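Below, chain A partners chain B and then partners chain C, in two separate complexes.
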Partner chain A sequence: MQILRDDSIGILGRVTGLLGSWRRLFLGAASLAVFIALWSLYSAWLHGDWPFAYRSWSQPAEYIPYPSEVLYAFVDSFTHRDPFTSLYMTSHIYASLKRMFFGFVLAFLVAVPLGLLMGRSANAEAIGKPLVELFRPIPPLAWVPIFLIALKLFWGPIAIVFLGIFFPILLNVMFGAKSVDPVLIDAARTLGAKRRDIFTKVVLPFTIPYMMTGIKVGIGVGWMCIVAAEMLGAVGGGVGLFIYNMAYQGTMYDRMYAGMLVIGLLSVLTTGAAGFLEQRLSRWMGMK
Partner chain B sequence: MDGNEVVISMKQLSKVFTKDRRQIKALEGFDLDVKEGEFVCLLGPSGCGKTTILRIVAGLETATGGDITVRGNKPGVAGQARGMVFQEFALFPWRTVRKNIEFGLEIKGVPEAEMQKMSSQLVDLVGLKGFENAHPKELSGGMKQRVGIARALANNPKVLLMDEPFGSLDAQTRNLMQKELLRIWAATNKTILFVTHSVDEAVFLADRIVIMTARPGKVREIIEVDLPRPRDRTSQEFIKVRGKVLTELDEEFEKARAKELSPE
Partner chain C sequence: MMTGVAMESKIIIAIAVAAVVVVGVVAAAVVLMSGGEGGSVKYITLAPKDMKANLASGQIDAYIAWEPFVSDSVVGDVGEVLMWSDEIMDDHPCCVVAVRTGFLSETSVNGTDLTNRFVRAHVDATEWMLDALADEAGANYTKLVEMAVQFTARNESVVKAAFVHIQFGYEMGSDFEEALKKFTDMYIDTNMTTEEKLDERGYESVSDFVSSYVDDFYLATAPNVAESATILNPDRPIKLGYLLGDLHQLAQFVAQDKTVLGTDKSMFEKYGLKVEAAVGAPFANGGAEMGGFAAGNVDIGYLGAPPTILQHLNAGIGTKIVAQANSEGSGLVVSAGSGITSLSDLENKTVATPGESSIQFLLLKIALEREGLDLEIKT
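Entry: the complex of A and B
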């Protein structure tokens, strides 16, 4: 009788593992540093600053502000109201998060039952598949005009985010429900499980890690849609609206980039959290 | 062993699978009675329908011909008269050892306290003490199958169906598990229908060994193993029975191969 646990890697394995993660951290930081250096250099070239002798003629210099200017605008957006909506960045973030949250909850509530149904019933799949195949490749952004016109500025942006999050969850849940090992269902049946028990006690738990993957991917796609969703106006502000205003109303490109940075960070944080939860849950459930 | 009541009765059982419009005769005219408390091993070339028989008894498939009753009932009325143990273990990965064992009890709606008591007894019976809260992926193959056996026993079935349960274990663990199974069998008085393709395993375990023909499967010969337990694999008698079974089986393997080579 022998039990296998993760700590069988031993001290050596853990030390090299640690070195590995330090190296990853170092390379990640180095890559960011090189990017910022190249960016600075390009800005300097456009501005005709040191080490370049004269101004480039190719583009107006303000299109590519210095990283330091963007960082300043980033901080400034949190400490001063923006001139168009008179909102702090925190309010914009709150508005965008709220929109993402509504879109996510709606997408989850619709996609999970549909995915389970299509994954477990050949008829449901035959009915649903053509529609999914038709609508999935249409970018959510293509729906922006009609959603904003028809659903107006409160539900329109939410609907766009919803579409972005919906398909990743649907497809992952469907795939998960389909890949339930048939022998697990046989085992459940020999233990007296009826259809309902099989669904709640076998199919559903089996699908949870897939659901989490869908949520993680979906949130990422949702952030990609948020700017377009908020561009033409949004109730109560939004980071996307902020970006649009800065570029089109104010030609304040440093602030525009600061808004983009906020979106990137929000996406990293939220998908990171979902990924962390996914891993924790899978491990806690003894799966993957 | 000395009980006379027939627990599983199969008469002229047949099963035809239809797959891509082709018909595959898995079983044809399979006859077997298994008596209460008996340990019966099914032995035969792969593809001869051993798994199909267990699945029919378990109520997972329906026979296309013939009669089958489990304690007088049609197996389709699944009930909880039989438990099944799978070669692939088929444990629920998200459930701990205890929760896996309690699966059937949960479905029956057994109250929590009673369920705990019953699963604790089973944990002791199959030798899993201390591992109640481990997940299946933390266990070795032999321990996984201990969970599989305990889970099947939880519903207190009369009949235990085992489909090559030790097929994926290494030789040492396999021998240990055979001894453990005999101990559990003696402690619980179950009737066991056990599929294997190891002659050695069949002779070590069974009261009777049912040797099947190549597909479509039926009974070729039933060999009684009249050796006292615990059996000694190196004893003269053991080797004699083993030799007899092997000779029968070899002929059937040859037939199966010849059939494969010749066009139908």
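Entry: the complex of A and C
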């Protein structure tokens, strides 16, 4: 299991000192600008607009609308009800966030204790590992039809998101609990710590950064699953349902991309919040 | 790394606080969720294949779908039909045969001629089916049921029950065009498509759009199509699109069957056609099949009228309607023993539909509006 850490930007930051954060901001903005410029060019090529004199491709130009059209559709989704579900984007976001929240809470409550147990007990690992390895690679999408029927319309989509978040947290916590430096444990034991103390004072704090990494990765995967979870039977809408409807029922690709943008932004915001919490936690625990 | 006892208690407090917050929010959300509303019929979107199981499990109180998904529940004693779609709109359009305009101008083969021949085979197959259905004691009826069982993977009793309410036919009369106009108007009313899109595709009005999108040239000239002793397109088969087990589209299955004519040739072959299932066929829904048209993977396809209309207008996918495949053949199913005997009993109940742009959804909406009821997404 790879542990993801944010070292890449750190190096630049250190080199340039105080100017580092500005530079980072500039580079970030520049990469977005280049992306949007390339996108505009590609769209122009498909549409046969300036600077291209002719329509270059047989595919309908609607497939890649201009960035401005997507931005317009994005704003429009908040100010007008969508043509299929008659809901505003805020309702879709609320519905998706609710699913993410329930899925996350469940995944957290199940994965953290399980991960700690499997990380600290060889027997537990021997029992759990085959099941984890068997179920981990199954795409949540594969479970959709049966979850919808077995777990019903409310819990079915949540269970899909749960699966996406569950495994990253479980594996990271397990890895963290396993990699506690034995020297720390010996030192605690020498100082007269009991098993319970070692667990609460050494293992648990040591695992928290790993857990936070698992949470950040898990939230990202959870958002990836939301379209699959909400494609069908989504009660009260959802951003995933919005994307599905725009793509399959309406072929309104500008709106479909707007829905994707919403997912991207939601993921940035939620993983950002987790990152912020991580920073706070590690500062509070005296690790930074 | 650790800073003594304070550290431990902080962590425990943090975890305790987090747990309390989590439990509190979950509880609050569950309480909020259970609050009911009044005044309308609620709907959710489900794939027709999942509807029967959801009706049986009590997740939904009713659903509207096409055959054989209606008879599936009826024969399985899970559901009862509250209303057939022809009771909502007599002879309403359903599945059509659409052709990709790019195929008509294909240069490696004569696309227009091949389309003409295809439509002729479709007409023959449909007439053969109508004759077979007219005489339930006949050998052809038995054969048709066999083919339907094979195509839909349903048992005989489901298929026989389903046949009763499907009106196979190819003609595109003025009623057909009027109904498509009504559907297009409804799409514009709900913003599923817009006047601007009509304009962008070069149509002046809804009726201008429908009359040019529905092209009856091929049907009109079908009687003149001659048989062909040889296959005219051996190297460039017609790529055929159709939906998974959709009984409405049985004509293409009949036209491909080599035993129907008793000459070792299928109806397609009789008119010199080599026809192959398109990449991706059978498609799960009409939207996906339109994707096949857009990508050039489908030349001629059977699908519902709504996706051809909406995706042609919204995404500019080059298709036109050249024949009808069937009309009617959908039904509103309520769970058996639910006591729902009229549309007004559906108030505040949950109905599953195949999607807001489907004919089934539009018909349900029309029927409910007559009763003064709204159709709203379940929240």
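Operating definition for what follows: the second predicted complex is superposed on the first by the 270 of 288 C-alpha atoms of A that agree within 3 Å, B and C clash if a C-alpha of one lies under 4 Å from a C-alpha of the other, contacts with A are read in each partner's own complex, and residues count from 1 in each chain.
Keep this in mind: a contact is a pair of C-beta atoms (placed from the backbone, for glycine too) under 8 Å apart; a residue touches a chain by one contact, two chains touch by 3 or more.
This one's a predicted model, so the numbers in the text were calculated from it and none came from an experiment.
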{"item": "Chain B versus chain C as contact partner of A:Val70, first or second or both or neither", "value": "neither"}
{"item": "Greater residue coverage of chain A in the superposed arrangement, chain B or chain C", "value": "C"}
{"item": "Touched partner set for A:Thr190, first chain B, second chain C, both or neither", "value": "first"}
{"item": "Partner chain(s) touched by A:Pro205 [first = chain B, second = chain C, both, neither]", "value": "both"}
{"item": "First, second, both or neither for A:Met285, with chain B first and chain C second", "value": "both"}
{"item": "On chain A, the residue positions that both chain B and chain C contact, one per complex", "value": "184, 201-202, 205-206, 285-287"}
{"item": "Chain A contact footprint on chain B (complex, rising order)", "value": "55, 58-60, 78-80, 82-84, 86, 88, 90-96, 103-104, 106-108, 127, 131, 134-140, 142-143, 151-152, 154-155, 161"}
{"item": "Chain A residues within the chain C interface of the complex", "value": "58-63, 80, 83-87, 91, 98, 101-102, 105, 109, 145, 148-149, 152-154, 184, 200-202, 204-206, 232-237, 241, 245, 247-253, 284-287"}
{"item": "Chain B partner contacts - residues on chain A that touch it in the complex", "value": "1-5, 181, 183-184, 186-194, 197, 201-202, 205-206, 208, 285-287"}
{"item": "Chain A partner contacts - residues on chain C that touch it in the complex", "value": "1-3, 7-8, 10-12, 22, 25-26, 29, 33, 44-47, 50, 53-54, 57, 59, 102, 190-193, 285, 287-288, 290, 294-296, 307, 310-311, 314-317, 352, 355-357, 376-379"}
